[in-house]
């Protein structure tokens, strides 16, 4: 984890701050979503394409630990790691750091796959996504 | 315009502020959207019901004039007025005031109706909505 | 917990949905923030007043378990419970339910108090808030 | 206007869509804000630096004309033009296009400068910003 290929970088926008003078705590969670979209691009099957195939991947749970705030115009370096993938669900872990390496947030999330409102196995319903996941995990083994 | 029946009231939430220490300028525009949903309830045909009937009413244009900021925990009093309604499009005007009457924002927006991605006349496609609009306008004539 | 006095109720706004057709997962987390502001009002020392006294109460960690989505125009019933309060930090738990009682989200969050960027004990720095917390907890003992 | 140097490019994020299945109408307005921050970087005096010098530049008015929606994962090409600059206020115009050139939004906004809550002339208060603006306008004369 943490090699450059898996790092999603983005600046904190002004509209993402609140009157505490730092990024609002939900802004980081939006960035984690962006990092997941980025991950799917890395995996080789974009989230958009998966949705167009009728499959969505909603969030089942999320935990965030806030260590240090990110300020307006600062860059967030977001690394994302597939902790577990079963074909029916997957667990991710994340770190957000500043440019100088300061750890700002650690997080975990779990996700399932839905088609027509029903929980499905992507392995059975959209084999190509499953293969992309498996290949990615093999190539990114720690 | 401005009688209590047509006033949508809501507090400014913390997550709607930015680091200027007041509501972000897009927050007011979200409140105008809420006021339109409220207006449809007043009219007697909820926006939700209209969407379930396959009709959406996107924004075509909007103009906002910012006069005074609203701060966290302050109440915004939003009045909304139907300036024009043709069956195919409608024009609205808005005012946002503080509890003490201070004028904070004036705005105008225009809207059309879409069904299956096509511009439609609600008068032809969903007569009941048209009747609700006409009755409302008659009852709220200035 | 869960008596009407501690329930914060609010509708899901249109601008809080995403293209999955339900409230975006960060929208619930904004509602939890609103519920905390509401809790402080219940406690008798508003968050606004605390901030004006120079004390903020940032989020240290949050966990959310998503059970069922809330849709546009549906009401969220948010109950909030003080699980622990030490004068220096506090732990909260939440439930979000629909009007019919369906459980949509469970969550936990932890918070500290900051003054001039430093972690403080509210017991020492702003005794009145501490007393409000203690009185509230005594009155809401399960 | 419209040369590559002045074009701010960014993808539409999932959390910026609503249940119409396209970017929420306030999302475009957030992108315009980002484009203004980008413009200040181009001008040579970042918005962050200006704020650190005690000057903010709030929005006085905005008009948006929505032509075509931007969808999730599509790139928005945002061009921004300084229509007028007086040292005390400035007017901007914008266009948002898709990669294929389709025009999605035209907009105008006006802004002033504030210091300690008072309207100021940046020419008098922060000469360096004024010089950056003047140089930029000279170099970008149509």
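Per-chain residue numbering starts at 1, and chain names A, B, C and D are given in the order in which the chains are listed.
By definition in this document, contacts are C-beta pairs under 8 Å (C-beta built on N, C-alpha and C of every residue); 3 or more make two chains touch, one makes a residue touch a chain.
Treat the numbers as computed from the prediction; the structure is a model and nothing was measured.
Novice: Which chain's mean C-alpha position is the greatest distance from chain C's?
Specialist: D
Novice: Taking contacts as defined above, which has more of them, B-C or A-C?
Specialist: A-C
Novice: Roughly how far is chain C from chain D, centre to centre by C-alpha average, rounded to an integer in Å?
Specialist: 35
Novice: Just curious, how far off is chain C from chain A if you go by their C-alpha centres, in Å?
Specialist: Centre separation, chain A to chain C: 25 Å.
Novice: Provide the C-alpha centroid distance between chain B and chain C, rounded to the nearest whole angstrom.
Specialist: Each chain's C-alpha centroid was found; their separation is 29 Å.
Novice: In chain D, what residues contact two or more other chains?
Specialist: 14-15, 20, 26, 30, 33, 72
Novice: Mind listing the chain B positions that touch chain D in their complex?
Specialist: 20, 25-26, 29-30, 33, 56, 58-66, 69
Novice: Would you mind writing out the residues of chain B in touch with chain A in their complex?
Specialist: 14-15, 17-22, 24, 26, 72
Novice: In their shared complex, at which residues does chain D touch chain A?
Specialist: Of all residues in chain D, those touching chain A are 13-15, 30, 33-34, 37, 46-48, 51, 72-73.
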